[in-house]
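Next up is a structure, given as structure tokens.
Per-chain residue numbering starts at 1, and chain names A, B and C are given in the order in which the chains are listed.
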Amino acid sequence: MIHPNSEKNPHLPFGDQQNALFYGKDILSVNQFDRNGLEYIFGVAHEMREMVSRVGSFDLLKGKILANLFYEPSTRTSSSFIAAMERLGGSVISINEVQYSSVSKGESLPDTIRTLECYADVIVLRHPETGASSLAAQYAKKPVINAGDGVGEHPTQALLDLYTILEELGKVDGVTVTLLGDLKYGRTVHSLARLLSLFGVRINYVSPGILKMPSEVIETLEAQNIEQMEFETLDEVLPSTDVLYVTRVQKERFDDIDAYESVKSAYVITPDTMKAARDDMILMHPLPRVGEISREVDDDPRAAYFRQMEYGLYVRMALLAMVLGKA
Amino acid sequence: MIHPNSEKNPHLPFGDQQNALFYGKDILSVNQFDRNGLEYIFGVAHEMREMVSRVGSFDLLKGKILANLFYEPSTRTSSSFIAAMERLGGSVISINEVQYSSVSKGESLPDTIRTLECYADVIVLRHPETGASSLAAQYAKKPVINAGDGVGEHPTQALLDLYTILEELGKVDGVTVTLLGDLKYGRTVHSLARLLSLFGVRINYVSPGILKMPSEVIETLEAQNIEQMEFETLDEVLPSTDVLYVTRVQKERFDDIDAYESVKSAYVITPDTMKAARDDMILMHPLPRVGEISREVDDDPRAAYFRQMEYGLYVRMALLAMVLGKA
Amino acid sequence: MIHPNSEKNPHLPFGDQQNALFYGKDILSVNQFDRNGLEYIFGVAHEMREMVSRVGSFDLLKGKILANLFYEPSTRTSSSFIAAMERLGGSVISINEVQYSSVSKGESLPDTIRTLECYADVIVLRHPETGASSLAAQYAKKPVINAGDGVGEHPTQALLDLYTILEELGKVDGVTVTLLGDLKYGRTVHSLARLLSLFGVRINYVSPGILKMPSEVIETLEAQNIEQMEFETLDEVLPSTDVLYVTRVQKERFDDIDAYESVKSAYVITPDTMKAARDDMILMHPLPRVGEISREVDDDPRAAYFRQMEYGLYVRMALLAMVLGKA
């Protein structure tokens, strides 16, 4: 599935080639990262964080152009990539093909990609169809970054989730992570679980019976000796949880409305939930949220979900700089 | 209603704090300005005008990012803010939530704002609901500029209107302003009247009987000893008018189509109207216009409405620079 | 039809006025170019190509703002102009009036243009109505570049087509160009034919009987002593063709579906077609394509249509720099 693209931009424009793990590479799937690669990305992301804190923006990618190609709306992810490029001094071509489109003229994704790479240095692609990013990467000579392709992958979300844990807790090894909510359909939690498995973590899955983590994911992690346990309520595992990662339980997933009503409150985080949680726990959410975390929790210092957005900026800055050979 | 936000960006990045009246502040309502504040804004706007005339653009806000968040279409205002930021060397994230939206996923405005301020340094917000900007400002740590919230406020429009009078006539004190058209529903004229009341002006209101200036506005200005008079036709006051500010009379406001037909021509400005006007009068309009000023008037040097757009650029440049602590 | 606009930006900001053929000028129609003008444009485009190849972007238009105003979707053209401006260090205000619009408030095109030129230094306009660009140029003090107006003109497409031939073959004089497909309704091929007529070329028209090149175009070229021949199939002329320019034959053009079915395969380029073509022929297409060139042809080195997109970038960079007096 992952395009090897060893041919892309083979010549580094500057000295040190050793760290250039991702120069000219596509970022398509969490499966392409090993622990070494993650540590490199997070090291660069941390430098980005410090630079932004000190000077706001800087000219590392001055003169470079990002084509930010979104075939479905995602203000959050789109804005994050635009900001990342702009804080690095680069420029952006924003293309929202949803309403404004050559697609209406029937053009194929490969043709659109081959056109855009005539203009841009790197392409970020959001697409409703699984595998769209891999397809794009096959045709592109320039690096492609997957910003979500249907029920497929959204690797930069998983990277920022993991980076949030690292920055907030200072480590990932030894941490107990509880994934809460809809674990069956949530692309986000599947990818995060896979990345977590590269570290010595313990994972709790808390979900309604019909929304359990797919066995395929559990088996993969089992093969890596990750300690995993499944629950239907949070109470039991909350006190031992270092990271509580919340996702939405959607009414539409339930055939029986009574079944939904009977479980839903168990998956809403309130100030009472936080009372039972550890003082140094962090509460995460991929956002947007719609009621699954009460707004009264926002001012709790353990509520990390808005900081999580900010960490996303640094991770995306790191990825853009890396694939363009500047970090 | 106005968020005090005394906590926002409390430390100035450079020396002189004296002039930093608006550093880190939100711009939400015309009610937050006194005469001193207006003079400061217009002084900076005038400097912006001279800089643009001399060099076009400059790097005062290099590295800063504006999130330009529009929940309803307004090409004019949106473009003006984008240009203002770009002429100051800054970058923009343009978000048109109308068609392209997390809102469709049900996210609240505070959550959207708290996300965007992770990426941007200042937020400009246009929203169909009254009070949306104040709500946004309550949650934002970064400055919020209201670019129009429903029937609420559109303070930068009122500021550019007043600045136009100042630049065109050289003063505001002592000027006779005639507001013409729909004075009942026009957010623009309400805000302008409030700002004018800080100066020694005389104001004429000319409107159909059913579209008169609300008594609430008139009483407020009365309390400030502003001389105000109401009319149903322009003829009587035109010769003594220094500033003729035209707004549209919409057919939809009338229950009776005959009533509309009988008054409408009295509110259309033609070359004949201009013949009866003073040589040094200026003709203003917030735009867009649809027939209420005949296009034959455009080449009259007194037609100031396109220059008014340009003054809007300088006012918005001034505001952006000020809230970011650079002016 | 062409606005003379001799008044626009009459003073050059720097020394050499000799080469400033297009400074302050509108780019509205292919009819405004003579051979001298084309050679100048292509000379600048070639310099742009070399600069992009060497440094990617540079600051020739730093501080300048392009208003990119699209009243109908065209991702390709829009992205190309944005990239052109950004690679020259300038900024862009992107306005897609399709869905996001003052137009809904009934504003006229001249008013929109006069507003935008308060903010921007140059306006690129795409509009569904023929003559829209000329109308805009009449009212604008700043240069207007026509990016396609209905069935009217799309001069930058014709320029990039011609520039592609020049860069790929090293010359235009003496070349045999075969235009294939829908020659009746294709704005692209009409404009290209007019530009080609300034050079010593031979032109073959290959189309179904009902989609022949309009006699008006043929007569114009005849008056310039251009050798032209008409065909219904490609076979005969393919071996002597230097440039094969393909356009789409749309089913909707045919009253009779059988008539369509009987001709369509004759207008699809496949690897077999390419076998019969010369080794140094180039295959062009304005894109987007939908089946009229088989994707198997893409890897043929003679397939020039993606390079054609890239040449479009250089031509648009050249035009922007020239009308702004910087080349």
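Here is the rule we use: a residue touches a chain if its C-beta (ideal position, glycine included) is under 8 Å from a C-beta of that chain, and two chains touch if they have at least 3 such contacts.
Note that this is a predicted model, so its numbers are computed, not measured.
The angle of the rotation superposing chain B on chain C, based on CA atoms and rounded to the nearest 5, is 120 degrees. Two copies of one chain, chain A and chain B, touch each other, and the residues they use overlap weakly: the shared fraction of interface numbers falls below half.
Averaging C-alpha coordinates per chain places the centre of chain A 40 Å away from that of chain B.
The multi-chain contact residues of chain A, meaning those touching 2 or more other chains, are 94, 99.
Put simply, chain C touches chain B in their complex at residues 62-65, 67, 91, 93-95, 97, 99-102, 104-108, 110-112, 114-116, 118-121.
Across the complex, chain A is touched by residues 55-58, 73-76, 79-80, 82-83, 86-87, 89, 94, 96, 98-99, 287-290, 295, 306, 309-310, 312-313 of chain C.
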